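Structure provided below as structure tokens; questions to follow.
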Amino acid sequence: MDQTQLRELLERVRAGETDVDAAVGRLRHMPFEDIGFAKVDHHRALRHGVPEVIFGLGKTPEQVTEIALRLQANASNLLVTRASKECAAMVLAAIPEAEHFPLSGCIRVWKDKTMRGRGKIGIVCAGTSDIPVAEEARVTAEVMGNEVFAIHDVGVAGIHRLMSNREKLMEAKVLVVCAGMEGALPSAIGGLVSVPVIAVPTSIGYGAAFQGLAAMLGMLTSCASNVTVVNIDNGFGGAYVASLINRP
Amino acid sequence: MDQTQLRELLERVRAGETDVDAAVGRLRHMPFEDIGFAKVDHHRALRHGVPEVIFGLGKTPEQVTEIALRLQANASNLLVTRASKECAAMVLAAIPEAEHFPLSGCIRVWKDKTMRGRGKIGIVCAGTSDIPVAEEARVTAEVMGNEVFAIHDVGVAGIHRLMSNREKLMEAKVLVVCAGMEGALPSAIGGLVSVPVIAVPTSIGYGAAFQGLAAMLGMLTSCASNVTVVNIDNGFGGAYVASLINRP
Amino acid sequence: MDQTQLRELLERVRAGETDVDAAVGRLRHMPFEDIGFAKVDHHRALRHGVPEVIFGLGKTPEQVTEIALRLQANASNLLVTRASKECAAMVLAAIPEAEHFPLSGCIRVWKDKTMRGRGKIGIVCAGTSDIPVAEEARVTAEVMGNEVFAIHDVGVAGIHRLMSNREKLMEAKVLVVCAGMEGALPSAIGGLVSVPVIAVPTSIGYGAAFQGLAAMLGMLTSCASNVTVVNIDNGFGGAYVASLINRP
Amino acid sequence: MDQTQLRELLERVRAGETDVDAAVGRLRHMPFEDIGFAKVDHHRALRHGVPEVIFGLGKTPEQVTEIALRLQANASNLLVTRASKECAAMVLAAIPEAEHFPLSGCIRVWKDKTMRGRGKIGIVCAGTSDIPVAEEARVTAEVMGNEVFAIHDVGVAGIHRLMSNREKLMEAKVLVVCAGMEGALPSAIGGLVSVPVIAVPTSIGYGAAFQGLAAMLGMLTSCASNVTVVNIDNGFGGAYVASLINRP
Amino acid sequence: MDQTQLRELLERVRAGETDVDAAVGRLRHMPFEDIGFAKVDHHRALRHGVPEVIFGLGKTPEQVTEIALRLQANASNLLVTRASKECAAMVLAAIPEAEHFPLSGCIRVWKDKTMRGRGKIGIVCAGTSDIPVAEEARVTAEVMGNEVFAIHDVGVAGIHRLMSNREKLMEAKVLVVCAGMEGALPSAIGGLVSVPVIAVPTSIGYGAAFQGLAAMLGMLTSCASNVTVVNIDNGFGGAYVASLINRP
Amino acid sequence: MDQTQLRELLERVRAGETDVDAAVGRLRHMPFEDIGFAKVDHHRALRHGVPEVIFGLGKTPEQVTEIALRLQANASNLLVTRASKECAAMVLAAIPEAEHFPLSGCIRVWKDKTMRGRGKIGIVCAGTSDIPVAEEARVTAEVMGNEVFAIHDVGVAGIHRLMSNREKLMEAKVLVVCAGMEGALPSAIGGLVSVPVIAVPTSIGYGAAFQGLAAMLGMLTSCASNVTVVNIDNGFGGAYVASLINRP
Amino acid sequence: MDQTQLRELLERVRAGETDVDAAVGRLRHMPFEDIGFAKVDHHRALRHGVPEVIFGLGKTPEQVTEIALRLQANASNLLVTRASKECAAMVLAAIPEAEHFPLSGCIRVWKDKTMRGRGKIGIVCAGTSDIPVAEEARVTAEVMGNEVFAIHDVGVAGIHRLMSNREKLMEAKVLVVCAGMEGALPSAIGGLVSVPVIAVPTSIGYGAAFQGLAAMLGMLTSCASNVTVVNIDNGFGGAYVASLINRP
Amino acid sequence: MDQTQLRELLERVRAGETDVDAAVGRLRHMPFEDIGFAKVDHHRALRHGVPEVIFGLGKTPEQVTEIALRLQANASNLLVTRASKECAAMVLAAIPEAEHFPLSGCIRVWKDKTMRGRGKIGIVCAGTSDIPVAEEARVTAEVMGNEVFAIHDVGVAGIHRLMSNREKLMEAKVLVVCAGMEGALPSAIGGLVSVPVIAVPTSIGYGAAFQGLAAMLGMLTSCASNVTVVNIDNGFGGAYVASLINRP
């Protein structure tokens, strides 16, 4: 029941065409989603600048392309994450203005480039192998309307490189820090800055890294109080939260 | 080497009392921390309103009391977390203006009550057993200068209670959501709001809850993109990050 | 907004005292829970015979007693699980008609003894050490209005004892099977009967039993298709589901 | 020893051709399975409508086809789960009336379409990636003689979609709920309905999902009392138990 | 139905007092356990020398004493494992001929001292902390009628001590080897002897020993082919199997 | 230093050509392995009938073939386990009398067929998917000189099939029982027989089976005292120990 | 057979009292340990300065005191680790020159204070809660003859404090770094120095720290190549290896 | 700011061209890395003989070749680890003096062959399957300027082979011991020698080996005090630390 239908029902009550008992009956069972949907709309309005997002993993190229075409009709911006090469080729053939980021498997349609953030989002990664996750974060943060800078390859074992980037790090309103292996970088950076640090454990490493488990546990037990954690390899999620934090 | 010493050295260079080579030599070995310390001060200034914090677990009542007295001399606000009853008794005897929160084991000296947040922080917990963690979060968020509201006992299995708090939830600039067992509440709330949700898994539960592991894994794999996670039972950490997010 | 208020609003619309726009406005923001609450009531009605339940673990004797007194005012039947001895003493002092089951820590007020089940619920346990969990299941199944029989100590390594209970097992409409150690009993029983088997892993065992993990994994990978699993030591949950299955 | 042989033996005892001692001797060693087999038959009779089932994983196309042909000779209905494409091609060539469900890898021969259930079975899944598991559940529930409805893509983070399906959910006599990631959907649905909820964790997700472990632990520690759990990705098992629950 | 009843039935058939149909009917439902019981008896006969065993963990002193008294009436030998001090005191008061082994918590009544083994059982432990588990093994092996020798404190890191016991080790028909920490001793001994080695991981150690998990995994992946493993700290089980192996 | 050299040294001492001090010096540093080697030989003699064994996993076909040819020169019997198809083709080309067992990947040269066992070894497996592991066990037990019988597909959920094999099971001197999923079969069989049961967990199963972990933990916590466990999928190891147990 | 007996045998060979065959026979079975023992002695000599060590955990005060008295008779230096307070009191009463270190539970007799190291050993710990482990390391390193310095409380989240200790850190020949929580300190220090870093994970932390597991996995996956790891809380082991590294 | 710029600034201060305040201001913000870089150089100088190292895993052949060419311009020695065959082909085409080690995937340019170690490094491995890890260790130790010897295939279950290598083992200044399965070899060797043992768990094994977890836990809980551990399969890291230990 949408507002039009609700209005019609009330008009009929007013006109005496529907009696009060019947109206109470209908309204008591008034499907929640209809009122709710208004809220969702309002809610959506608050989220201006949030692109439509398709999680590509486990979907066929055909499925992704079809969903992308449908969503793109109504949305300024569109983001596909974890798309295979085949998938990317098909989407780019269908949507010529789409960009492809092969390292991370992102596909992006970025038409509304309004900047919406209060400050900059810094994307930091510990090693070159973490770059795909950092790229997913950067692509996400940009399409959500943020000024972004990236710092690569500043692991905790080369602390001089980290320290030489202090000034840069302190420019950020929020940081997304990607690290595999022992995942110590968010703690080290967390101690250098006073803004929130979103830690993204990566599955980089071998042996006792256990596909990101070591990094994940390390980040959750960080001795720096300004660190929070998202799922392993979840560059998108890290940047999504960072974007919300960066909103006015 | 502090600024005074640096200035003296440069004055001597200027006066020709120290030659350039010697000055280069001294400056090359100028202990990092001294320059760094200036930065720390500046940095500290940015963090106005962050209380001094003592993690009480594993410290004797005497140790906590001594540290509390020393810190309290220089700081407006002081927070002790995870203090035993014995510890609380000793600290309260020594610092009469301190408050004690027995459920969570927090002790707080709250002299500077300046509000610093942009909006409200909502603290939500899933069950009555999660209240101690939520209390730690509330006490922390308050002492860091935030307007706080708390919603208790809105588990995901009683979704009507959750839904009836939607309006309230939407007032928050950031939410701290504490849940044990399957830890599903942050996902459900994450879908209702468009602000960041800091998920705090709690060790509440038994059997397959594995002391908070089930909740922690669940929160990290949340299907809501605005959820990040801190350590199990870390109400302090959840509120700390929420406070930073709530800063202008 | 309850039905009375909704009716009043509609009456005012009918009477022309409230115009349609204002009514639409109020109804659009009509708190969900009020309509929802009606549903909850209806829903509750469907659940006739479900006792009020208090999970005693982590609550003080005072808390449990207070909640028990309040709930007991409105409910025929009341169940407290995992109550300590101190807690039981206090509840029994306050509610004289309550029964105490020391092995499992259950407390029960059983005033409405209406039988509601289609058939019998069989509660089976593998070893004498599993009896506390089985008792929690039996007490729960009884208070929910089921005819219950119990079979103790029929582990899979003593298959003759199991086989000699086949006839009994086949009387049940649904079985709750509690087992620790390797947790093989539900599989063996699942192969003998054609009704649902609710498997309850127990934390009985040591070493590689890992507090019920071995049993839990074993039950989840059961080769019998009629087995489902609840949490470790969750005799209450096993019997609760069994009771729902046994309803007409 | 079947009934005929048993009868012959007793006839010979009666006729004095076999003495009592010899008969006692034979009967004492009477192979268990022969008497038991009678029971199995009877037992099988109780299970009318349970199809013959082949678990396809790890069997060659030839093996599956051969077993399918043999079983199909005696059974009205046949279900193969987890069949590869090659396997499906071979079975469909051999049994023309078989249907193939490529998403889930099911093959079904559905000749006896008698409805045997008391009510409807609802199959719900959290995300589109969970559909293969839900399809396995639906195909199973149908072939076992149940009226089935399916609801897709109602994750806990989009609670409005879930709420808008409440009426539908309440039509079911039992629900099978498939979810990966944090696996929170069964808890949320468990709180909305008063019937048993069979939770099927799926291996959908990455990182901390640990191939379904996060969902499985979450479901086992559900705060909703009407939830039980089967193995990860076990759509068949979930529907099998649901079918038994739905029997009169 | 025992043999007497079976014989009576057959006599009645022979005498024509019971007709064949009735007899078939009764025999078809003849409780399994009765025939089975004959087998159990025969079976028990084969197990001559196997003591009655009570697993004391989780039983009250009263329960253990009562069971011990009842079993001891019919059995020559009795073994209680994992008995608390209180339990031991009560049992010894009730059964004066019982011995108590405080390190391991065993209580033994050893009246039938017949030697039944083909050769000797060697009980080896890696460190002095493993002695309680080794004692449980020794007490068990003795009461089951074996000649036993024990070698203590021959860890793999002191390989000279191990090598100096080679001759002794080679006297055994089967070895029970108890080790905590890294659990390497069974592998080293397995390479020195050509008889079966029953490895008993112990929970001795800390940190990465994870309560015996490290030792257990190490023993299961032993590079010596003659090693099998029982549960952590299961000295009884190790010796039980060793005794069976040592039987003629 | 072999015996010849030792004899020469002693002859020189006797002849006065080497003085005692020099001889003590040489003998004190006499390489251990030489004396040891005598022991190894003697030791090897005790192990008559143990074939040379090559673990094929991770070796190239060329490596396996070369080692097989070299070993086969001195040994009557040879066993290769876990050989790939390519490897098997190459070995069979080189050693025409070798047999290949494609299910398990075993290759066997069985020239010395002397029977060495005291009794029969029974190899049992729970499901058809466990047959490869059971085949590895059978091939191993045969080549080590044992009379072997095999029982397939007697899972614990079809307890009638298990019971109908009781007589057969009781013929064995030792049993090797292979099972995946919940791994309950060794417990059930352990309760039926009084001989040692070597349990071999298999990696058969999915989800919560965790590649054999569930079966392995279940077998280690078996409630049957006559069960010991070897590594997951280690059919060879199970049969090797069974063969040692079966030796006179 | 010791050297005297060996000499006597050879003298008898020389004198013709024992023939060569008999001597070969005896020498072939010459117990390994006797020759070996000579090597052990030599070996022990190489280890000059290694104290006798008693691991106190799980030993009674009486046992520790008795062993301490016996060992102390022959050794200059003695170290007891993990001693309880009761144990320490008893040992100090028996050995007046012993020192007690209550934080770590160490007891030390340090008579031979010879310095044996090439350089200094630095003991670093991340937080004040790690001090007990660091103290065990320091006490061990000292008694093994090393010059030791300690740096406390330089966690990776307070990188300025770490950097200000760079000069000090670079004085060490080898470092022992103790850290709990995420265990990142060894990586950070490993990047600053070019000497070996022995990482000691501590069990400090809660929740996802899992009793030191997070720190242990983090250290094993360190991105600094000069880091090796010992067991959780094993301050003794860390210092022991550091001492060996520091030997000339 | 490098030394030249620092000198210029001081010259300008001296010349009165820059006043002291301005100089203090610039120096206070003087980028840390510039002074730090001097230290890095000095530091690097200390590390003479440490080759440039590229971790090949997860890098494309093009990336590895480009980095190799760039590094090789400035460095005498270069090591690539975990290079694929394609990668090796490309690097060897570009750098003709490079050697390739196919078992381990190492590529090495070894121009500066200066020996820098105090003694020998022994590389030991337990089984032939561990040789690739041992090769990575050997190649690393050599290129870092150490005399290296290797002992292969001396598992703990064939203790005679280990004992026969005692003399050899005692020649080493430090040992790198690689073992999979139960990982017991470092403990056994640790008890034979008095030098540090760097244990490298390998992922060799199956089932309960859990990709090296069993070996890793075993090594961390070693009962030999001179054992430390690096990551699973980390032959490079083991040899790197060994090289540092072997430095004067």
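Each chain gets a letter, A, B, C, D, E, F, G and H, in the order it is written, and its residues are counted from 1.
To be clear about the criterion, a contact is a pair of C-beta atoms (placed from the backbone, for glycine too) under 8 Å apart; a residue touches a chain by one contact, two chains touch by 3 or more.
These numbers were taken from a predicted model, which means no experiment stands behind them.
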Separation of chain G from chain C in steps, with touching chains one step apart
2
Moving step by step through touching chains, the smallest count that connects chain A to chain E is 2
Interface composition of copies chain E and chain G: same or different, split at half
different
Going through E-G, A-G or A-C one by one, find the pair whose contacts repeat those of D-E for over half of the pairs by residue number.
A-C
Based only on mean CA positions, could you tell me how far chain C sits from chain E in angstrom?
39
Expected list for chain H, residues touching two or more other chains, is 32, 36, 39, 160, 163, 166, 207-209, 216, 220-222, 231-232
What are all the chain pairs that meet the touch criterion?
A-B, A-C, A-D, A-G, A-H, B-C, B-D, B-G, B-H, C-D, C-E, C-F, D-E, D-F, E-F, E-G, E-H, F-G, F-H, G-H
Chain C residues within the chain D interface of the complex:
39, 43, 46-47, 50, 53, 166, 170, 194-196, 198, 216, 220-222, 225-232, 236-238, 240-241, 244-245
Name, in rising order, each residue of chain E that touches chain G in their complex.
128-129, 160-161, 163-164, 166-167, 204, 206-209
Residue positions on chain F within touch of chain G in the complex are 3, 6-7, 10-11, 13-14, 16, 20, 23-24, 27-28, 30, 32, 35-36, 38
In the complex, chain G touches chain E at residues 31-33, 36-37, 39-40, 57-59, 201, 203, 211-212, 216, 231-234
Footprint of chain D on chain B - complex, ascending:
126-127, 155-160, 162-163, 181-184, 187-188, 190-192, 205, 207-210, 213-224
